[in-house]
Structures are given as structure tokens and as C-alpha cells.
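The letters A, B, C and D name the chains in turn, as written, and every chain counts its residues from 1.
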Amino acid sequence: MVEVGGGVRERVLASFERQGLMVHLGARIEHVGAGEVRIVLPRRPEVTQQHGYFHAGATSSIADSAGGYAAFTLFPEGTSVLTVEFKINLLAPAEGERLEAVGTVIKPGRTLTICRLEVFAATGEDRTLIAAGQQTLIQIEARPER
Amino acid sequence: MVEVGGGVRERVLASFERQGLMVHLGARIEHVGAGEVRIVLPRRPEVTQQHGYFHAGATSSIADSAGGYAAFTLFPEGTSVLTVEFKINLLAPAEGERLEAVGTVIKPGRTLTICRLEVFAATGEDRTLIAAGQQTLIQIEARPER
Amino acid sequence: MVEVGGGVRERVLASFERQGLMVHLGARIEHVGAGEVRIVLPRRPEVTQQHGYFHAGATSSIADSAGGYAAFTLFPEGTSVLTVEFKINLLAPAEGERLEAVGTVIKPGRTLTICRLEVFAATGEDRTLIAAGQQTLIQIEARPER
Amino acid sequence: MVEVGGGVRERVLASFERQGLMVHLGARIEHVGAGEVRIVLPRRPEVTQQHGYFHAGATSSIADSAGGYAAFTLFPEGTSVLTVEFKINLLAPAEGERLEAVGTVIKPGRTLTICRLEVFAATGEDRTLIAAGQQTLIQIEARPER
């Protein structure tokens, strides 16, 4: 996977660090490509549900951010991205050392961009698809980020 | 809204407290009715995105839990609930003192239960619908909760 | 339910008659309100699946049109409506004399409008909710209709 | 793409022919693989919307059937398939000689199966992705087909 040029990558990372929720969950961006972003979330009790698996909310939170930034990599400067909606299927119990969420643009557009969302549970080299979804994003004029 | 009888309410609250993510976000259950659960999430930087609004992931996390427990209130003892999938539209910027997520069963079933999800942003008495969705849940044999 | 004023109603009905699919299925518009449209589809073999129930595709087709026209009733003249996406749960076998699809705007907007979709199976006075969904629509400049 | 063995293929084709809606729309099955089914719908006025494009309802009807039969190819004899829910994004105007809907199982299961849905508009050798979605199906005991 090819990394995107400096300007975009920096804009994505700077924006990500201002997402209080991602920081609070302990998520980090691992890859920024053109139309593709991967976010990793290590397992710890703070992101689980009652059976000890990753909470569907944690799974969908990093999937939403991965898709949002994947779209953002294709947007011109001076614009921002907002999630219009997303749908996600939880395919298997989310157990493992970490989650890896991959957002991939399947249809870029001037107003709306559509992404595929995939989340894998990983332990060492093992990787299992545990969630799959689809997301609609809208490009808006840049708003000041905090 | 009528509260449900003691046993169900206790089972919901006990399970909720074992959801590490809900505790970590600072969410709490405010209402447990038959087929309807409301969860409140106060605003703080830990649950925001880059513009300072509540993060779509926080919004959908409490919506997912509200729907899951709404379904759970109708399940027999000795069973657990898992989210199969959900879809959520983010309707407006999620700004305010707190979010209120309401999960409501629209179709109960022995295997699958369908819920409506609504999230309001609230400040004092003001309340605005900022997200709406739909969720499919499955009833399974009880798994040990941590 | 209040019917909308003449201009809007006429624009909806004229457009509907140009939807080859709706005519081919035998669907008709039964109600045009501000932000709410109801479409009825009588049962006949041409709209069924292999068990003799209404086909999920027929159910979702009339739901999609009901939501699209519900949004359209709130759009200014000189604009058209396109479906961005929709999600629908099939809640129960769709059996009965007819289906009634109701589209209701839950969030109007200048660019995007969100609708709730409900489909009932009806026989005489009996009416059962057999599908529920949610839909995102976009307002565009009018395109020539055939 | 490998075609599946005779028994499954025959069961799929026989069932498809009993779907009154698919016959009425003029759709036909073009490929039956293990966990993958492709359905083709030629363009004619009976499947269009008001601008002359394929109707979103036609697009989603064949997508729903493609996913349903894709799941069905993996089910044991004596079972039937029902759509629990699906979500579909309409990515581009659906114009061309024909639509091709591809349903692909991404997660098989004893109770629930999840499919990816893709619809292409095609003219001659040209093929454009015009819709993408995701679908949840349930395996039930066989019901008599008409």
C-alpha cells in the first residue's frame, strides 16, 4: 500500500489527534493511502462489552473514523468531512490483541463519497474479518478544528 | 414511560456496568422500560471529534447499547444479546451538554429482534434529534459475563 | 393526514406516472402529504417470490418511491430527487391483499433529506408492519423527465 | 468463476423461476457459483424511473435476489433463505443496456449469512459499478415453494 504525499498525511494525522474519542480509546492511525486509511485499536478493558469482547461501539467508532479519513485524503484543501450515515455488520466475536479498521473509498464524489468499512481482529499474525460495513460521507467547507 | 420489574432492570444494570466501553465513555443508563432503554452521555473532550462535536462513534456506541438492552429487556432469563448489524444517520451536528440515546423494540422475535435507534443532543430542556437508525439483534444462550 | 396543495400533488403524480417500474408493478399513490407519501401495491403473482409472499424487491421498491416522493413534496420547484441509499429490514412474511408503503421525512435539508420507511401488509382492515427502513435522498437541479 | 455442481444450480434456477417478480421484470440468472450468484436485467421502460434510468427498486430487487441465492448455494438441502435486511447505496445513474447484480457471501453461518451486493450498469463490454450494498440472510427450514 502506497502512502500518500506529505500534505495530506499531515492533515489527516493532525485532525485525528484532535478527535478526543480516538485518543481516549487508545486508537492510532497506522496507514494513510490515497482513498484508504487503517486505524488500530489495542485491546484493553476500556473498549470491551460485557463478555470481554471489543464493544460494537468501539468497532464501529474506529471503522467510522477510518472511512472518514479515507474520504478526506481525496478532498481538496479547505474542505472538511462529515459522516452522513453508516451501516455495519458484526460478523464474529471481536476478540484478539487488537482491532484493525480499514476504510476504502469505493466511489469518490464532489459532494458525497462512499466507503467500504472492514474491521479485523488480530493476534500476532492472525487476522479475522469481524465487521464489514458501508458509509456515506459529505464534503463541506472547512470548519475550524479545535 | 413505565419502568420494568426488578429482575430485568437489575440484569440490565449489572450487564451495563460490565461494559468497559460505556463506563470509559462516562455513559449511564437513565431508563429501563419493557422494550425501551435510554442511555445518557455527558459532553466532555474525551467523546468528541475534531470540530468539538460529539464523535459519530460515541453517538453510535450509546445508540447500539441502548438498542441492545432494549431488546434484552424482552428476552427470557438465561439468554444474551448480540448486535447483528446497525445503520445510523447522523442528522445534525451533535453539540450540547449531553446526548440521550433511546433504543425501542419495533419487532421482537425468538431469534431476531429489530430496534429503532434515536439520539438527541440536549442542553437543559432543549432536545434535538441528531441521529436515527435501525438495528438487528440476535438472542443467544447466555454467555458468562466477566 | 392533510393532503398538500395542488401544485406539489400534481408534480408528484405526474412524476410517478413516468416511473415505468411503479406502473409495471401495479402500484399507485394513495396519499400525498407534506413530507409524507403512501403507495399501495395490490397482490398479484407478478410481485411475489418463491413462497408466494410479496418479494422483498417489490416491498423495497415501493418503500423507496414512497420515501423519495415524501422528500420531493418539500423540495422547491425546479429540483429533482435522487436516492442516495436506503436500508430496510423485512420484519415478517409479506402476505395479504396489498402492501402499503409509507415514506415520512424525519429530517429535511437543502442538500440531504432523511426519511423513515414503513411497509404494511393489509387485508381488509387488518394491517401489519412487515418492513421498516431508513433512506437518504439528495436534492438536485431538475432533470428533464421523460 | 467456477459453476457449482448440478444439484445446487438446479435448486437455484427452479426457485428463481418461481419468483414472479424476477420473471415479471425480465431478469435472468447468468451465473451460479458457490457463494456467488449473478443476475442480469435488460433495460426496458418497465424497469425505469422518471428520468429514464433503471429504478432504484429494480436495482435493489435484483441485488436482493442475487445475494439471497448466493447464500442459498451454501445452505444444506431442506432449507430455505429469507432476507433479514439489506442496505444499498446508489452510486451513479443506472443507465445502459442492462444491469448485472452480483451477490457474494462474505460470512457464511448456520443461522445468519452476510453478503456483499454489487450492481453494474453495462453496455457492450463497458461496465460501471452503480450500486453497492450489504445484506443479512437467515437460513430457515424449507417451506413449500409454489
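Basically, a contact is a pair of C-beta atoms (placed from the backbone, for glycine too) under 8 Å apart; a residue touches a chain by one contact, two chains touch by 3 or more.
Since the structure is predicted, the reported quantities are computational estimates derived from the model, not experimental observations.
Chains touching both subunit C and subunit D: A, B.
In terms of C-beta pairs in contact, the better-connected of the chain pairs A-D and B-D is A-D.
Comparing mean CA positions across the assembly, the chain most remote from subunit A is C. Subunit B and subunit D have Cα centroids separated by 34 Å. Centre to centre, using the average C-alpha position, subunit A and subunit D are separated by 29 Å.
Touching two or more other chains at once are residues 84-85, 87, 89, 134, 136 of subunit C. Note for the complex: subunit A touches subunit D at residues 87, 89, 91-92, 106-107, 114, 116, 129, 132-134, 136.
Residues 84-85, 87, 111-112, 136, 138 of subunit D are the ones touching subunit B in the complex. Contact residues of subunit B toward subunit A in the complex are 15-16, 18-25, 44-52, 55-58, 60-62, 64-65, 68, 80, 82-90, 143-146.
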